[in-house]
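Both complexes shown next keep chain A, but they swap its partner, so chain B is in the first and chain C is in the second.
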Partner chain A sequence: MENSVAINTKNLGRIYKIRNNRKEKFKELLALENVDLSIKKGELFGLLGPNGAGKTTLIKILTTLLSPTTGIATVAGFDVEKSPDEVRKRINMVSGGETSGYGLLTVRENLWMFAQFYGIESKVANDRIKRLSEIVGISDRLNTKSSDLSTGLRQKMNIIRGFITDPQVLFLDEPTLGLDVGASRDVRTFIKKWMNDNGERTLLLTTHYMVEADELCDRVAIINQGKVLACDTPSNLKKTLQKEAIFNINLYAPSGLEINKFKNITGVKNCVLSQKPESTTLDIILDEDSVLSEIITEISQQSLRILRLEKREPSLEDVFIKLVGQKIEEA
Partner chain B sequence: MRNSISLRSFISASWLGWKIESNWTDPFLFATYSIIKPLASAGILVIMYSIVTDQNFNNPMFAYLYLGNAFYQYVPAVLSGISWTIIDDREHYRTLKYIYIAPVNIPLYLFGRGVAKFLTGSFAVIITLLAGFLFLKVPFDFQQVNWLLFVVSLILGILMLALLGLLLAGITLITARHSYYIGDVVASGLFLFTGAIFPLEVLPVWIRPIGYALPITYWLELLRRSLVGNIAKTFPTFTSMSNLDLILVLLLTSLIAGLIAIFLFNKCNHSARERGLIDVATNY
Partner chain C sequence: MALVEPISKKRSGLKLFIMTVFGRSYPRLVGMQRERSWIFFDIFVPLLSVSAYVFVYRAIGAPEDYVGFVVVGGAMTAFWMNILWNMSSQLYWEKEQGNLALYIISPASMMAILLGMALGGLFATLLRAIAIMIFGSLIFNVSYYVVSFWQLIAIFSLSMIALYGLGMMSASIFLLLSREAWHISNLATEPVYLLSGMYFPVKNLGFWGSAFGSLIPLTLGLDAIRQLIFKSGPSLGFLSVKIEIISLIILSIIYLIAAKFLLAHIEKLAMREGRLTENRR
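Right after this comes the complex of A and B.
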């Protein structure tokens, strides 16, 4: 294998066998199917998909927590099944939306201890704890017991735990889940800086935030129901929709609308309805602008009123809608 | 590098275990709890013995029972100290997955976490022994103690218990549900078969082989002999065996138990990874 490849998977698959009680037969749940990925050293790679798409399962396999059912995977040049110890020396992981950590220990103690597990000298570990805590914004809480931290601050502590070992390959599983807008922005800024500081570092990020993937990632794989549907740079993925016309229509629809009638119009590639108490929105991908007149006719026939109509540039969200047929939060 | 990481893992895990073990309350309450718990448990046995034997504390069997019970406190402490770590880290602290993906020697990490339990267990054993020697007339002569035999037996026994704890930790890894207190349950079960408070001869003949197969049985006898060798000759079970014989049998049975423990732990570890149980949180 080329030295420039940090993560490689071939026909990677995972089936979970689950049952609720001993009397039941095992049911098979397909979590990953024939995933082929090749991520280069120095790349910030995003896995984009809804909850249950298989993102976390893939990360678990790559971090040696879970065995694949089929296929092979290598990280930093080592097979995750045959040489897990070699892989572990070179990786770290942060999972978002959880409150892991030893509550009886202070933030500093938690971080120092994990650094010890990686054989990092105490002085180096303490320097890194100081620097990273200032960047992430918890330097004033280093001597606080982690049980006394809010969920967001615990998440920040865990983010430092992932970076403190300076891994060759870092896995971030929904790292900004549970963080407020400002903290998420700080984390994204730090991730970009960390990657720019050393071209040898590789980062695999899973997220279901389109903006995060768009802003951070060199390449993105869109994954749904265990399959990789597309893999390219965000701009190339968006280019696949360049020929289409994308409209966002805000409607007044007090008694609802019939979405299928819009979907059946010739030239409509995809049509997704979002209904909130205060508004009804149609996100429509059309073959060309001229189809819009038929959309407006249909709106009129259903006695709906247009509040706002906007034509916009394609986003990763549109790419996702085109591939999956639903918005990411609905998939 | 590998050795360095393993050593650091062990030391850090020991430090973590001690922090967890000692920090759950203030030092005064911790010390009180550590004193009352072993004394209360020994007190129950002494009262029962007193009633059954009509206060015959001069019978060598009192020393047999008292010392066996005192040292047996190590068994639940070490077994549960090591196996409970899996539950604690996986379910409570949710850190097991981060430890698992670190370049850590997992058995050494688990042994390290067990050190704190060993230390608190040692405290309980010392308190119980002191109470026995000072207030209950357990025959003890400082000059007569075979310290070499005591230290060798103690170290061998603790290593053997740590390996048995590793076996239970492996079972805990693949038992995502209802594996709480497995260490305590196993320790309580073994209490019957290891001659801790009564000789194996009391058991039905067909049950005794279990006791003879367990290294804990030989370990307890060696500890008794090292402390009260002058009266241990009258203890019934191993009268025909010398101290060296007992050490060799302890070594052999520990070796066999250790090999089985390591083999089964590796099997369970592999199985847990295949079944996706390393980071499972049942919230039970």
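Right after this comes the complex of A and C.
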């Protein structure tokens, strides 16, 4: 295999055997199916997909926590099943909302403890804890017991835990979950700088947030029901929609609307309805602008009122809608 | 300038093993200082059950050494409780908390993690056991007659090695369990008090009963300690102290080796079945 590849999977699959109680027979649940990915060293790679798409299963396999049912996976050139010890020397992982560490220990002690498991000398570990806590913005909480931290501060501690060991390959599973807008931005800035510092580092990020993937990732794979539906740079993925016309229509629809009538109009590629108490929104992908007139006709036939109509550039969200047929939060 | 300097050297091999042991024992050692409720729950509560047995023995006119047997048994109870709740079922709690996944993906050996848990727990429990011994001896006026101090240290050390080896072994089995870990720990509490002769000379269970109970290293350790510190100990002992020392050496070797292989095997099994991070699958 080429040395430039950090993560490689071939026909990777995972089937879970599940049952709700002991009397039931096991049922098979396909979590991953024939996943082929090749992530280069130095790449910041994003996995986009709804809950249950298989993102976390893939990360678990790559971090040696789960065996694949089919196929092979290598990380930093080592097979995750045959040489897990070699893989473990080179990786780390941070998951969103994790509650790792011990509540009785301070932030500094928890981070020091995890650094010990990676063979990092205490002095080096303490220097890195100090520096990283300044960057992430929790240097004033290093002596606080982790049980006394808010969700956001705890997540910042987790993020330091992932970076403190200076891994070759880092897995971030929804890292900004639970963080406020400012803290999320700080984390994203830090991730970018960390990647820019060393071209040998590789980062695999899963996220629900399209903006995060768009801003950070060199390449993105969209995954749903265990299958990779598309894999390319965010700009190339968006280019696949450049021929289409994308509209966002805010409607006044006090008694709802019939979405299928919109979907059945010739030239409508995708139509997603979002209903909130304060507004009803249609996200529509059309073959071309001219189809819009038929949409407007249908709106008036259903006695709906247009509050706002906007044509916009394609986003990753639109790519996702086109491929999956739903918004990520609804899928 | 780099955001954070890269790490030039990470330790591996034996040094990493030792660092991991120290790192994982740290929460146990520090936890004791920060959560002082253990002084009440782990010293005075066990003393209540010790008191109950003492009153029974005194009421029926049992030899006074039986009171000492109970106090020593009460002190040793702390180690069994530590094995059950802070060793065996600990990996289940670590899994629930999310720490287990982080241990597994680190280059640290799981044996080192378990050893760290064992040593931290052993030190913390030793303080509790000493406190129970001191309070129990003072309250119930227990007198000791130490035959051989060195044998006493040897038997105690061997008991702990074998006992914590058993704890490490059962911890790996608990890796596969979910909520039933709680019930199994509960289940293993009272029967072990009976089988190991915590509050009475184990010889009373008969040869086969005592031999079965001796699979728990606490049984032999407790029996030998009683023989070495009470005048009537040798006459109430199950086997001679020498045989018990040899048996404990054998148990230590078996349990530690079994722990290593079982841990490796069960880790692989748990990876295959997806049980390292989730309980429902």
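By our rule, the second predicted complex is superposed on the first by the 331 of 331 C-alpha atoms of A that agree within 3 Å, B and C clash if a C-alpha of one lies under 4 Å from a C-alpha of the other, contacts with A are read in each partner's own complex, and residues count from 1 in each chain.
Criterion: contacts are C-beta pairs under 8 Å (C-beta built on N, C-alpha and C of every residue); 3 or more make two chains touch, one makes a residue touch a chain.
These figures come from a predicted structure and were not determined experimentally.
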(request) Consider chain A as the common anchor and indicate whether chain B and chain C clash or fit when overlaid. (result) clash
(request) Classify the contacts of A:V124 with the two partner chains as first (chain B alone), second (chain C alone), both, or neither. (result) second
(message) Residues of chain A touched by chain B versus by chain C: which partner has the larger set?
(response) C
(message) Once chain A of both complexes is superposed, is A:N11 in touch with chain B (first), chain C (second), both, or neither?
(response) neither
(message) Going by the contact rule set out at the top, does A:L132 touch chain B (first), chain C (second), both, or neither?
(response) second
(message) With both complexes superposed on chain A, which partner does A:M113 reach: first (chain B), second (chain C), both or neither?
(response) both
(message) From the superposed pair, tell me which chain A residues show up as contacts to chain B and also as contacts to chain C.
(response) 16-17, 60, 63-67, 85, 88-89, 91-93, 95, 98-102, 104-105, 109, 113-114, 116-119, 161
(message) Taking the touch rule as given, give the residues of chain B at its contact with chain A in the complex, in rising order.
(response) 1, 4-5, 8-9, 11-12, 15-16, 19-20, 23-24, 93-95, 97-104, 109, 273-276, 278-279
(request) Using the touch rule from the top, collect the residues of chain C that touch chain A in their complex. (result) 2-4, 6-7, 9-12, 15-16, 19-20, 22-24, 26-27, 30-31, 34-35, 97-99, 101-108, 113, 268, 271-274, 276-277, 280-281
(request) Within their complex, state which residues of chain A touch chain C. (result) 14, 16-18, 60, 63-67, 85, 88-89, 91-93, 95, 98-102, 104-105, 109, 112-121, 124, 128, 131-132, 135, 145, 161, 163, 165-166, 190, 193-194, 197-198
(message) Which stretch or stretches of chain A touch chain B in the complex?
(response) 16-17, 60, 63-67, 85, 88-89, 91-93, 95, 98-105, 109, 113-114, 116-119, 161
